[in-house]
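Across the two complexes that follow, chain A remains constant while its partner is chain B and subsequently chain C.
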Partner chain A sequence: MKIAFKLAFRNLIGAGLRTWLNVIVLSFSFVVIIWMKGILVGWDHQAKNDMEQWEIGKGQFWHNQYDPYDGFTITDSHAPIPNEFKPEIEKGEMVPMLFAQGTIYPQGRMQPAMIKGIPANQTLLKIPTHKLDSVTDVIPAIIGEVMARSSHLEKGSRVVLRWRDSKGTFDAAEIEIVDIFSTTVPTIDVAQVWINLETMQEKLLLPEQATLFSFANAEENRPAVGDFRLKTKKELTAEIDAMIKTKSKGQSVFYFILLLLAMLAIFDTQILSIFRRQKEIGTYVALGYTRQQVVTLFTVEGAMHAVLAAALAAVYGIPFFIWQSKVGFTIPMDTSEFGMAIAPTMYPIYSVGLILSTTLIVLLTTSVVSYWPARRIAKMNPTEALRGKIQ
Partner chain B sequence: MENSAIIQINQLIKRFPMGKGEFTALKGINLDFGTGEFAGLIGPSGSGKTTLLNIIGSLDMPTEGEAVVLGKPISKLSSKESAKLRKESLGFIFQSYNLLQVHTVFENVEFPLLLLDYTTAERKKMVMDALEWVGLTDKVKSKPPQLSGGECQRVAIARAMVKKPSLVLADEPTANLDAANSHNILQTMLNLNRELKTTFIFATHDEKVIGYLKRKIFLKDGLVDHEEWINQ
Partner chain C sequence: MKTITAFILTIITLAGFSAPDANEILKKVDKNLSSDNRVMESQITIQGKRGARTISSKTYAMGDKKSFTEYLSPAREQGTKMLKLENQLWIYSPSTDRIIQISGHLLRQSVMGSDLSYEDMMDDRKLTDIYTAKVLGEEEMYGRKTYLIELTAKVTDVAYHSQKMWVDAERFVPLKQEMYAKSGQLLKRLEMKDVIQVKGRWFPTTMVYKDMLKDGDGTEFKISKIEFNVDIPEYIFSKAALKK
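Now for the complex of A and B:
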């Protein structure tokens, strides 16, 4: 086997441009596959990280009735804050939130909005809630950039907010947009208006009540408390996992095509080699190789394209990966309304596992593609091969 | 015969499928070759000389009869055993040299040694010795496309001789060479035959080669027509 590697290396290097063309194509596959997978991993990491920092913390407790996909559940999704949560809330490790459906009237237009009450002094989430302490003669409110764009509201804009309190009575008040924050998490931005929790409780006639809680304690097995059930971070980010899985499948098709092109080149080279190098094959046999050893030699030769490609990919790929992980990849379109936590610039993350698994897949595929045509050698008659007469 | 028989051929028949029928290339050959012979199978195209050489070289199998080479019955050898025989004891020289084009002269000559258990230092010495026999020590790093036909054939001889095999089989070794190169090559082989006592068997119809042979075996239509021994 050692000889096969030595000879295969000599043959490949000796073949010159033909080898390098294949190696360049294959190395390109290496780099693109690793980079794209890195982007997906980076996106997954960024999306979950942003959700954690902006919305869910290490997990949430939801009111039993609460279903974010069913607007009808919102009205009844509230209950008094359980005493068990109060120490955590006081330490700033838990943030209660109260939700209600409402309507805003920017420039006389009617626009539905989810009103969310959150303590102004919370520091667990990155939402700039301290702005809710601004002194105004109306209710101070903050919104995200997407909401600001869709409602044509600016910092300092005043708009009428209407809601229905717990008794079913419609009420309305003017709010002032005291801050517009930028986030990649659409679920806290799109059609959301954030006001102080105490104001919200007062307006809804729901003192000391909340819809859900985000907490900082990562303990997974927290039991349900009163009307509130645990939603782990894993459950809350399941949508991202599902999206990444879907994207990953889509990308797999792309990898397959990319690999297929590279493999076609190698397969073609192998077929051509076996026909062009009949005399060489016959010579190997005459000099003492068994036909099976020649098959191994040609297979190793083909598979070594992948080894050289990995080396070449490392030469230009590693600097590219490092550069990309620093500057990131900016998506050439507006990602704010994708409905997913997608940052405009995504930073790829490469793991050893990702690089090793990609290398292994490419190496195995190349070996199979190299072996396939090389099997023909085992059936060759060496005397005819020596004369180069096999058709 | 100069010494004890290293090749014994008994009633050797070789048939090849041809269309719906068969073509009989060898029709019952009986021959013995001894150590240190410088012999040639002579005959026109289709007389069976290359077929016989291939069977002796265990590259092909007899249809009937037997060829015992260095004590090994060719028809009974497995693929691995025949490869072992070629690897350890046989050297081949071909009409079109059959050098590995992308390898240097050194690497081409070194190739048979890679298959045997020699150290790098041993291989280097043996290759340089073989290249000295054929006068190509100055072409060590050249590749076959950079060499003349005569030089290529001398590399092929060095490759065949480097492991000092018991038997060298040469199929039309001078067919692609001019007269001067042919004589040069043949003189080299003759010297090696004398110095190393290696048995050389040629398949040829080249008069230049025939002139150097000590034993001439004339084949005609797959049979030995007659033999001539030259006393030198």
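Now for the complex of A and C:
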């Protein structure tokens, strides 16, 4: 076997440009596949991380009726804050939030907006709620960048906010945008206005009530409390998982095409080798090689393309991967209104598992593709082969 | 002295008697505007930045709980139907052949770009059921004597906490209405003109609706034909009628 490797390596290097062309194409597949998979892993990591830091903490408790995809539920999704939650809220490990639907009137236009009440003194989430303590003669409010863009509001802008209280009566008041925050989590930004929880409870006639809670305690399987049921981080980020799964399937097609191109080149090379090196094959057999040993030699030769490609990919791929993980990949389009936590720049993350699995897949595929044409050798007549007769 | 006091008291009492009772006025307004059922054809003219556009429609309404509207023109809106049952609202769009229920933030969207939001169309209970009224004075409007009435909600589940209403002193039809938020912010203004008499009741056939928080000249709602207390088949107020 050792001699097979030695011979295979010598033959490959001897083939010169033909080998290197194959190796370059295959190494390119290596780098692209690892990089693209790295981007997906990085996106998954970033999206979940951002959601945790900006919106959900380690999990949430939702009011039984609350369904963010069903507008009917918002009006009735509130209940008094359970006593069981109060110690956690006092310690700052849980943030109550109250939601209501409203309308803002920027520059005389009518724009629906979700009003969200959050305690100004919370520090669990990265939303700059401390700004809600700003002293102003109207209601201080904060909004995200996407909302600011779509409503043409700036820091310091004043706008009329209209809502209906819990009894259904219209109320309206002026709000001042005291801060605009930048986040990758659209569910806390698009069409949303954040105000102080107490103000919100007072205006909606819902004292001490909340729609949901984000908490810092990672303990799994917390029981439902009163009208509030647990939503684990896994459940809350399930959408990201589904999205990554879809993307990953979409990418597989791309990997398949890339590998197909490389494999076609290797397959062709193998066919050509077997066709052109019949005398050599006959000599091996004459020297005592079994046919199976010759097949192995040719298979190893083909599969070694993958090894050389991996080495070449490492030469230019590793610096590229390092550079990418620092600079990131900026999506050449506006991702802010995708409805998912997508950062404009994604930083790929490469795990050992990812690199090993990719290498293994490429190696296995190359081996199969190399073995396929080499099987013909087993059927060759050695004397005919020695004479160089085409079989 | 006694004579003077008695005279002053008599004057005050008489003045008291001559001042119309606001709730009575409201009852008369309700009598004019509310009906068991009505069928009307109307044109809504929406003033936009790029000029005005007019949408015509036919509406069947039964009491204050059920109504069905079909848009007749322009071609783009033709065949669109809207059904309101109690506090639920559905819209059928012929282009998609789908019935969708208007809910949540969609209720706050304007109807076909007008100054009316879907939720404005949802609350049409009798004024006397939801407001207590007080006469603030008398004013002249469009050359007619009106009573200025202040309405304050007496129930909690009312859309507008207070309203000001200028009611024609002779015909008992509101000529102007202002709706206020709880904070006192003026939200909407409604002006009513072209009052006609139909089957003994006075009814304004032109209404200009203006969302005071929004720019623009408002939305004009003109009734070209109205009939009261006619027989409307019950199937009209069903979701099945939307697709017919």
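Operating definition for what follows: the second predicted complex is superposed on the first by the 390 of 391 C-alpha atoms of A that agree within 3 Å, B and C clash if a C-alpha of one lies under 4 Å from a C-alpha of the other, contacts with A are read in each partner's own complex, and residues count from 1 in each chain.
Note that in this section a residue touches a chain if its C-beta (ideal position, glycine included) is under 8 Å from a C-beta of that chain, and two chains touch if they have at least 3 such contacts.
Note that the coordinates shown come from a computational prediction; the quantities given were computed from them, not determined experimentally.
With chain A as the common reference, chain B sits beside chain C without any clash.
When both complexes are overlaid on chain A, the residue A:I257 reaches neither chain B nor chain C. When both complexes are overlaid on chain A, the residue A:G108 reaches chain C alone and has no touch with chain B. Look at A:L356: by the touch rule set out above, it reaches neither chain B nor chain C.
Once chain A of one complex is fitted onto chain A of the other, the partner contacts of A:Y289 are limited to chain B, with no touch recorded for chain C. Computed from Cα centres after superposition, the angle at chain A between chain B and chain C reads 150 degrees (steps of 10). In the overlay built on the shared chain, the residue A:K167 is in contact with chain C alone; chain B does not reach it. In the superposition on chain A, A:K6 contacts chain B only, with no contact to chain C.
When both complexes are overlaid on chain A, the residue A:L21 reaches neither chain B nor chain C.
Residue contacts after overlaying the shared chain place A:I74 against chain C, while chain B stays out of touching range.
Remark: least CA distance from chain B to chain C after fitting both complexes onto chain A is 71 Å.
Contact residues on chain A toward chain C in their complex (touch as defined above): 70-72, 74, 101-103, 105, 107-110, 112, 114, 160, 162, 164-165, 167-173, 191. Residues of chain B touching chain A in their complex: 54, 57, 59-60, 79-80, 83-84, 86-88, 92, 94, 96, 98, 100-103, 107, 111-112, 114-115, 143, 159. On the chain C side of its complex with chain A, the touching residues are 103-110, 117, 153, 156-161, 179, 181-183, 185, 187, 211, 213-216.
Of all the residues in chain A, the ones that touch chain B in their complex are 3, 6-7, 10-11, 13-16, 279-280, 282-283, 285-293, 381-383, 386.
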